[in-house]
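The structure appears right after this line, and notes come after that.
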Amino acid sequence: MLTLENLSKHFGGVRAVDDVSLTISEGEIFGLIGPNGSGKSTIINLITGLYVPTAGKVTLDGWDLTAMAQHERTSVGVARTFQNIRLFGNLSVAQNLWVAQNGHEQRRAHFLSRWFKAGGEHAPDVEELLRFSQLHSKRDVQASALSFGEMRRLEMARALASNPRVLLLDEPAAGASLEDGQLLAERIRAVRDRGVTVLLIEHMMELVMGITDRIAVLNFGRKIAEGSPTEVQANEDVRAAYLGSSHKKEKLIHA
Amino acid sequence: MDAFTISVLSNIGLFSFLAISAWVLLICGEISFGQQAYFAIGAYAGGIATAVWQWPFALGVGFGVVLGAVIGGLVAWPTTRLSGMHYAIATLAFAEFVRSCLNVFSYQREVDGYLTGPDGANGFRDIRWAYEAGVEPLGYLGIIAAGLAAVIGLIACMARGRGMAQLRIVGEDPILAGMQGLNVNRIRIAAATLAGGIAALGGALYAHLATYVEPAQFGVMIGVHSLAYGLIGGLGTVFGPILGVLVDIGLLESLRVFSSYRMIVFGGLVALVLILRPRGILDEKTVRRIQAWLRR
Amino acid sequence: MAAAVEIQGLSCRFGGVKALDAVDIRLSPGEVLGLIGPNGSGKTSLFNLLTGHHNPEAGAILLDGLDLAGQSPSQIARFGIARTFQNLRLLRRLSVYENVRAARHACAPLRDAFWLSPAARRQERDSLMNLLDIFGLSEKAQKTPAELTLVQMRHLEIARLLAADPKLVLLDEPAAGMTSAETQAITEVIATHVLPGRSAIVIEHKMQLVAALCPRIAVLNAGRKIADGPTGQVLADSAVRQSYFGAKPC
Amino acid sequence: MLLDIVQNTLDGLAIGSAYGLLAIGFTLIFGVMRRLNIAFGPSIMVGIFAGAWLHSQWSAGMIPVFLATLAGAVLASAYVERISFAAIRGDAALASMASSFAIWMQLEEAVVHVFPGRTYAFPTLQTIPMLEIGPVFLRPEYLAMFLTAAALILLLQWILTRTRFGLEVRTLADNPEAARVSGVNVAQVAFLTFLLAAVIGGVAGFLIAATDGQITPKIGLWATMKGLIAMVIGGLGSLRGALIGGLVLGVVEAQAQWFLGAAGREIVTYTLLFLALVMLPSGLAGRADAGARTEALRRL
């Protein structure tokens, strides 16, 4: 469904992403892992259109995403969260969601009628999303006044509000404790059960190994492994990438 | 050289001081809309020194430069802490403050039987040093060129020494500059002092060429112009702002075929240059390429 | 030359998150400490506090007994602390040479801003080119950082750090994004040119580099120090492994 | 004395409401683009001259002149947006500002070319007699100015809070990157924000020109200056601040003009502006994040 074909992105001399091909199937939770600077966030930025690829392309059900503007990608069903949360701090929780519904509606309405319609106060799926994210009691609170965990939930809800087919999660557990991680895992599964395919970038191995169907591992912008969590964990290259290849260290970890 | 060429070249020279002054601040990351204030201070101080107090020319100009530099530093002291836009508007406010003060500033003395000195909005007549000393326009062009050469020389020395690099580091990344031990505020104040002095030098030379100055000449328009020169010519070297002046005044004069459409043509050209080269014609990359080519 | 460092009860928070929570670390002169921990555990925040970029909520940082609290970043740099950045902080419009030269500016007298004698200039040029040579960058001296590879950029950051001749160096993931061979190379460069005569704190995920350079390791997790001791011992610690790989055995 | 102060305050509030509109136009553009459009005033000037042309050519009435003013301002703004903002991409706030200055030169020259004289007549609102409320006078054109500005601000408030376009403008001002991934068509919203700002500025320009009864091309520089100053006094990026800044500027100018004359007014205004900037860097509306918003311009 979401396909990356020979995707490359070079910054000057840096090959942040180097000839990566991936296929993610419908309804999957797909993990993308790798050490810092291995190109994971760059891939998300290429899929959402923040960067233009040096070579290769991204397609979603045959739509060539790389030929689209950012907002058009949203309207064909790509949504994301950010590693450092990005919300509209001056808007209320509900307003944050209304904006994102836009991408969904854009397909249907002419822009003038869309824009001068009053702000969608009673849009039903916003209420549903608020309940889904347990933010219903906070619907009129300014987003900047939320707690850290609530902000993360709101960010995910906002991504869902654009009615995406693929949701890209960029380190959703950063700064969260282990218990939060378990709640997060449930939430990600619930998102999948809504029919959304999930691409997850995460450092918390606990989370990644626990909920993903398949994992790809990046190192230096290249894909070094792909497979089920157990296959990936057993892969020698992966261990080397994370822990250094020296044999001695290998022993230390197992000691 | 005919009189017309001389006057065009003199104008290019005088505007170059203003352009370099704004450029020095741009290099260290500050947008100033108000360098015309120091141009005015230099013009009035230099004029008063030679015409009213009858000081020698060099001393009078020097007085203007020192006054411009000191005031530049003093104004920078509270303003460099402001963020970009606020700094820009603060410089604008200061420049307009200076201009409106000059509008009510009267200081006239009797010299050789005539009342001489600035008279508010009526301006400041008879800054006659060049006339009395018998300096021809061509000779005066030489003086302007010498002043400009001195400024370029000073900046070349700073480029050889550490000064220029310090300014650029502060402009590029003030946080990194701080972490490398540079006192960012002090460097910005130093830059403002230097910029004030350079603009005042231009102003003092301008006053003695024009023999007449009035507050209305030092409006916002020249301030914004002098800022635009650096941006058009390029931020890479000190020749960038001079190139900007050349393009403006040189082109304005050479595009006479367009008669009264020339501003429209010029504006369009500038907009085009900025679309193609957002950091001006002589940007850092081009400068480095030219340097490499020269070394070869 | 090398400085003693004492970090006492250091805490700070950003927004709602407690980035550091009462962290204590002591470094004797010339000691090299590896700092590890999962992403977001507060390692880089610790560096930001040490360089004065952020102010601590509580706690003290003593450099050779001198309290750094309330000092500006520029003063702290002059006391002899220099760092590299995980996300590379290079001056993109200046040449490679100028980037390194920038670090020499800090303590220069005002006169130097306007005039450097040809001899001083030559001397400076020679010493900086030597430095670039060590990192294999002398050929690239007139290029901009954007024209370098990632590995060269990391080398450039370390060269710049050395140009300031600090007493305490803070290396933030010097080998991030490097292959094993490149990591080996930079490990050697750090061991021979950076560490002698200096105290150091090294943040790194690559155990290859940490084990080679740091006899001692401290581990941060969620802003707290959860382990501190000889490298082999700490890495064997089960709490550490859990914070990296999760509770399930791999 | 006290009566003078009251009278001046009333007059100042009226003029100040027009300043506030100018500042709101600036703020909208700055908030959405993070760039400064110094050709904003000159674009309005083009509109005003379009109105004056209609007036002098066909002695058109108030409403056609008003519409022509808006149309001229909107067209000129669209031109500025295409050339100086849409065409210059990326992290180039300075280039956009310099470019808008170049376009300013163009607009001014174009207007001077079409209207070679110095001043032109503009239809005035001075047809109704002066209102007397007890001891103070209310100039009817000032009253009209104030009421129009107030109505426009209410309308703007409604657009920004009640329509989806307004919501998108606010998201873009709040967090451009999040707006992009939420599916906001940034280029389109930015362009329309420019036009909205031009309409607001056009109304302000019309009110000011209709009060003065005569115009010169200098009104472009004047509008840019007043709008910028009011915006900064109020605190960057806040619409409420922009309005407050405009009102404060208007009242201060009116008082200083009355007690100190024209020259004194200038000195007092700029001294106060300078002091306000140095002492209250986040503006009268006191936004803590004003600094962060201007980082965009600090980075060259």
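As written, the chain order gives the labels A, B, C and D, with residue 1 at the start of each chain.
In this text, contacts are C-beta pairs under 8 Å (C-beta built on N, C-alpha and C of every residue); 3 or more make two chains touch, one makes a residue touch a chain.
None of these values were measured; they are calculated from a predicted model.
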Min route length, chain touch network, chain C to chain D, equals 2
Far-end chain from chain D, centres as C-alpha averages
C
Counting C-beta pairs in contact, which two chains come out on top?
B-D
Distance between chain centroids, defined by C-alpha means - chain B, chain D (Å):
30
Can you work out the whole-Å distance between the CA centroids of chain A and chain B?
52
Where the CA atoms of chain A average out and where those of chain D average out, how many Å apart are those spots?
42
Per the centroid of Cα atoms for each chain, what is the distance between chain A and chain C, given in Å?
31
Each of the following residues of chain D touches two or more other chains, namely none
Can you tell me which residues of chain B touch two or more of the remaining chains?
172
Could you pull out the residues of chain A that touch at least 2 other chains?
none
Chains touch in the following pairs A-C, A-D, B-C, B-D
Which stretch or stretches of chain C touch chain B in the complex?
51-53, 72-78, 82-83, 89, 91-95, 98, 101-108, 112-116, 121, 142, 144, 164
Contacting residues of chain D [partner chain B, same complex]:
30, 36, 38, 83-84, 87-88, 90, 92, 94-99, 101-106, 108-110, 112-113, 221, 225, 228-229, 232, 236, 263-264, 266-267, 270-271, 273-274, 277-278, 281, 290-291, 294-300
Residue numbers on chain B that touch chain D, as the complex places them
26, 29, 31, 78-79, 81-86, 88-90, 92-94, 96-97, 99-101, 103-104, 120-121, 171-172, 219-221, 224, 227-228, 231-232, 235, 260-264, 266-271, 274-275, 278-279
Chain A contacts chain D in the complex at 48-50, 69-71, 74-75, 79-80, 82, 86-91, 95, 98-100, 102-104, 106, 111, 114-120, 158-159, 161-162
Where on chain A is chain C touching in the complex?
11-15, 35-38, 147-148, 171, 174-175, 177-178, 203-207, 209-210, 220, 233, 240, 242-246, 248-249, 252-253, 255
